[in-house]
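What follows is a pair of complexes built around chain A, which joins chain B in one and chain C in the other.
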Partner chain A sequence: MDKTGFSGFLRGVGRYAPLLGLIVFYIGVTYLREIQYLKAYYLQVLMFGLINCMVTMGLNLINGVTGQFSIGQAGFVAVGAYTSAAITTLMFQFSALSPLARPFVFLISILAAGAVAGVFGYIIGRPSLRVKGDYLAIVTLGFGEIIRAVIRLIPQVGGPRGFSGIPRYVNLAWILAFFALTIWFLRNYIYSSFGRACVSCREDDLAAETMGINTTTHKVQAFIIGAVTAGVAGALLAHLLGYLHPDQFSYIRSTDFLVYLYAGGAGTMSGAIAGAMVLTILPETLRFLAGWRLVIYGLALVLMMLYRPNGICNGKEFSFLIPPLAPRNPEEARD
Partner chain B sequence: MLLEVEDLRVSYGAIEAVRGVSFSVDRHEIVTLVGANGAGKTSILRALSGLAELCGGSVRYSGQELRNVRPHDIVRRGISHVPEGRLAFLNLSVHENLLLGAYTRTDGEGVRESLEKVYALFPLLRERRRQVAGTLSGGEQQMLVLGRALMSDCKLLLLDEPSMGLAPILVQEVFDTIVSVRAMGTPVLLVEQNASMALSIADRGYVLETGRVTLSGKASDLAQMEEIRAAYLGE
Partner chain C sequence: MEHFIQLLIFGVQLGVIYALIAMGYTMVYGIIRLINFAHGDLVMIGAFTAYFVARVPGFGFIPAMIAAMLVPAVLSVIIERLAYRPLRNRPRLSVLITAIGVSIFLENFPRMIPAIGPNYRPFPQLITFREFSVYGNAVVNTIQITNIVASLILLTLLIGIVKFTKMGRAMRAVSFNKDAAALMGIDVNGVIALTFFIGAALAGAGGVLYSLTYPMIDILMGVWLGSKAFVAAVLGGIGSIPGAVLGGLLMGIVEVFATAFNSELGYGAGFIILILVLLFRPEGLMGRPTIEKV
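The block that comes next holds the complex of A and B.
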């Protein structure tokens, strides 16, 4: 393989093409918004879509890659959202801070959101991974509902009335930055030996164990990383909406993430991204149908499952979601 | 002795599957455990690789007790178990299956060498390396899981019913491979219902009946014994 000259240069640029694409995307969207072509409402939908992508990518690691069936993902989003909102709003009085300090405080709140969600991921994952399949699904479902019930009992974060007055600090740049970070981290994880171990847990627990893979450790790890991703996305969501309510994070929301993942194609990051994007935007573009909107949306899901049972992306991965050094085929496989 | 098993007991709830079995495997040996369905053969292998809990007795491997060592740690110590029913990763390619076999290893150079060895042993796997394992035939899958187990550079190979569900010509091929594995220096503990085949390649054998060893000795002697011929060889 020639690493010098023009082809080497192109290859070098190719590595950063996804990042460049993202920057061009950002500039494009900002410009369209600037000239009032893109309504604020559509920009908001786009940002929701990106946040949903992050949550779904995290869920993909648990359900798609490691083969566990978790339906409590909204619970982790709630943990992240409330944690970060509590930090910016209650601990720091965000609006009273100087504009220079704000990004740092917000960043801390995001990290804390991820960390707390991760701890919850461990607490839930460790004992509940003793059960499998349907039973695990029920345990995670129960967990999500407990989180919601507990939030209702905490008056400091508004309890059943909801948590208002959260600074609406998030913009497209913040979301795109964390979106890119999530993709980068999850992509490299999935294609590492950890990721391969996760896939082997999905394919066959017993065989994985006879390969010397500690299946429990890898399942819990996947659970934690999926929860951290959801927590970070929750932090962004809280500061995009400015208002949180426990009912936003019910099991129905968890089901939405599942639908995004399976409609897009479980097991691939492309599927998670495409599913979350398409199914966030679709119901919004169907608004002109008024009452028929959800009928058409449901019908679209049914048709998708009938004609594309492997999801929108059909189980394939966009090439930029495969790390440059991953063993794509035996010839290239070195280490 | 590489592996010494003494008074091994395995129970599933109230049912005692293995009731005090003792045997040993030395370096460069093929040892076979033969017996009918339900004799406890598979349970013994599962106990050795940590997949089933020991209720009593001891398993000493290279002088170390293996009781209470978890399955993935046992693999790291050099015991590779090919479970019954093959269990290839059906949605992954042949190549990926083999790489997963080397999961515990960190020596990239050594892994490549093992890969070459496995491909030399099973030229067919090299041809099909990009194919998804689920598209291989039963015999090919058996080759794949054997190769996958060898990728761990194990010091002892446990094989559970490698002939199960294979055409006679493939059974012969699988057993030839087991002989080559031993020739490469890896001892094999082979569990089989196909007693005549197993005894034909093994050095020593143990006959199991309802969780106990009833006969043991040189494989060639066992193959000649009247009661074994009657009970297991269908003569």
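The block that comes next holds the complex of A and C.
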């Protein structure tokens, strides 16, 4: 590969093109918002879309790449959301806390949200990997519902009444930053030897085990990373909404994430992003249809599964979601 | 003791309804390995069918019940034919997502029909309410008796069909090995359609019985009822018919007792038991362990 001269320069720039694109996107959106072209409502939808993308990408690592079937992702989102909301709500009350320190408190609360969700991911992942397939799905479903029941029992975070008064601190910059971080991390993970080990667990875990891959470790790892992603997304969600209620994180919400993933195309990051974005925006654009939009949504899902089973992205990956030095085609890596 | 017996009656009453609904999950899973997410919504369709039929003068409990079993059953066969059958040889997850899509459709289409709409509706009282004392202050009422008796009749009928008829034997054969059953001349598609028919009929009946007890119906009633019944099916060992009955009863009783203890605990209790059972006996209480072959 030629690394000198002008083509080398271009290649070097090309590496950072996604990041540059993201910055241009941010400036563009902010400008359109400033000149009042973009309504606050659209910006809100965009931010929800990005948060959903993050959760779906985490879910993609568990379901799409590692082939484990988790349908309790909303539970991890809830853990993250409540953890960080509890921290910021508590800390922002102190008058001694200077406004300058707030971003740091917020950052710490996001990291804490990720960490706590990760611990839950381990607690759920470690024992439940003894059960496989559909049973794993049910354990994760049960976990999500238990989290919800437990939150209802804690009066400090509002219990069944919901948690209100959370500082609405988040803005597009925060979300885009964590969105980019998630993409960067997951992309590099999936194309690392860990990621390939995860793929081998999906394809045939007995064969993977025979080849010396510790399938349990990799499955648990995937579970934890998926949970951390969901927790961080939950933290952002809490500070975007300013209000949390246990019922927001029911298993219906978990199936939403599943639908995003499989509609976009499981196993690819592009699928996760496209699915979450399209399906977050679609119901909003169909809002003029009032209640019919959900009818159409359900029908569209069935029709898509019947006629385009590989999802919107048809199993292909955007080039910026493949690390520069990785083989273009993941199939090659497996040979 | 009186309190205990009273709670036990409530628990069994709820448990038999869960068992009826769980049956549909377990039968469909047993035969095509699909978690039918749309099953809970058929419960709601059944309840609404009964609601409308019972308004016709001269129609009482029995006609309402029959209609509430037939309508979801036919609907379920249509859904299977249009949405699930074309996907039968695809990865199981695509069928699952399709089932979620069907479920979203079934919840939102009735919402848009003016005759049904999104609001709660009072379910007519189809059974004359009377109470009988059983032990001290513990009482049992006619609705509870109807629930338990009707459920037992339906469940016995189902087990009779599965165990002793030719169709039942075909069902067991298909659930054991679809390809081998097809080679033996069994109409696999027909058997699967029949399974969906019977499962949905029981779900419709469960919907009516549930609405008799809690006489407020709305289009989302099937979501929670369905998810609990599903847990019951898994608890008993999904794919196993006696397991669904056992799981349903257990789920109902545990839920009633936990709710009596703390109202918020009631909902989570079933899931906690489920996870404990799955961790120590992953195939469920009465399920067959699967053997992994290379």
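The criterion applied here is as follows: the second predicted complex is superposed on the first by the 321 of 335 C-alpha atoms of A that agree within 3 Å, B and C clash if a C-alpha of one lies under 4 Å from a C-alpha of the other, contacts with A are read in each partner's own complex, and residues count from 1 in each chain.
Here is the rule we use: contacts are C-beta pairs under 8 Å (C-beta built on N, C-alpha and C of every residue); 3 or more make two chains touch, one makes a residue touch a chain.
Computed from a predicted model, the values in this text were never measured in an experiment.
With both structures placed on the common chain, the touch criterion links A:Phe106 to neither chain B nor chain C. Within the superposed three-chain arrangement, the count of touched residues of chain A is higher for C, of the candidates chain B and chain C.
In the superposition on chain A, contact of A:Gly212 is made with chain B only, not with chain C.
By the touch criterion defined above, A:Tyr251 lies against chain C but remains apart from chain B after alignment on the C-alpha atoms of chain A.
When the shared chain is aligned, no partner comes close enough to touch A:Tyr169: not chain B, not chain C. Residue contacts after overlaying the shared chain place A:Tyr260 against neither chain B nor chain C.
By the touch criterion defined above, A:Phe143 reaches chain C but does not reach chain B. When the shared chain is aligned, chain B comes close enough to touch A:Ser193, but chain C does not. Contact with neither chain B nor chain C is seen for A:Phe223 once the two complexes are overlaid on the shared chain. Within chain A, the residues touched by chain B in the first complex and by chain C in the second are 206.
Touching chain C in their complex are the following residues of chain A: 69, 127-128, 130-132, 134-135, 137-139, 142-143, 145-146, 148-150, 152-153, 159-160, 206, 251-252, 255, 258-259, 262-263, 266, 291-292, 294-295, 297-302, 305-306, 309. Those residues of chain B lying in contact with chain A across their complex are 49, 51, 70-73, 75-76, 80-83, 87-93, 95-96, 99-101, 103-104, 108, 129-130, 148-149, 152. Residue ranges on chain A touching chain B, taken from their complex, read 193, 196-197, 199-200, 203-204, 206-215, 327, 329-330, 333-335. On chain C, the positions that touch chain A within their shared complex are 29, 33, 35, 37, 83, 86-87, 90-91, 93-95, 97-98, 100-109, 111-112, 118, 223, 227, 231, 234, 238, 262, 264-265, 267-268, 271-272, 274-275, 278-279, 282-283, 292, 294.
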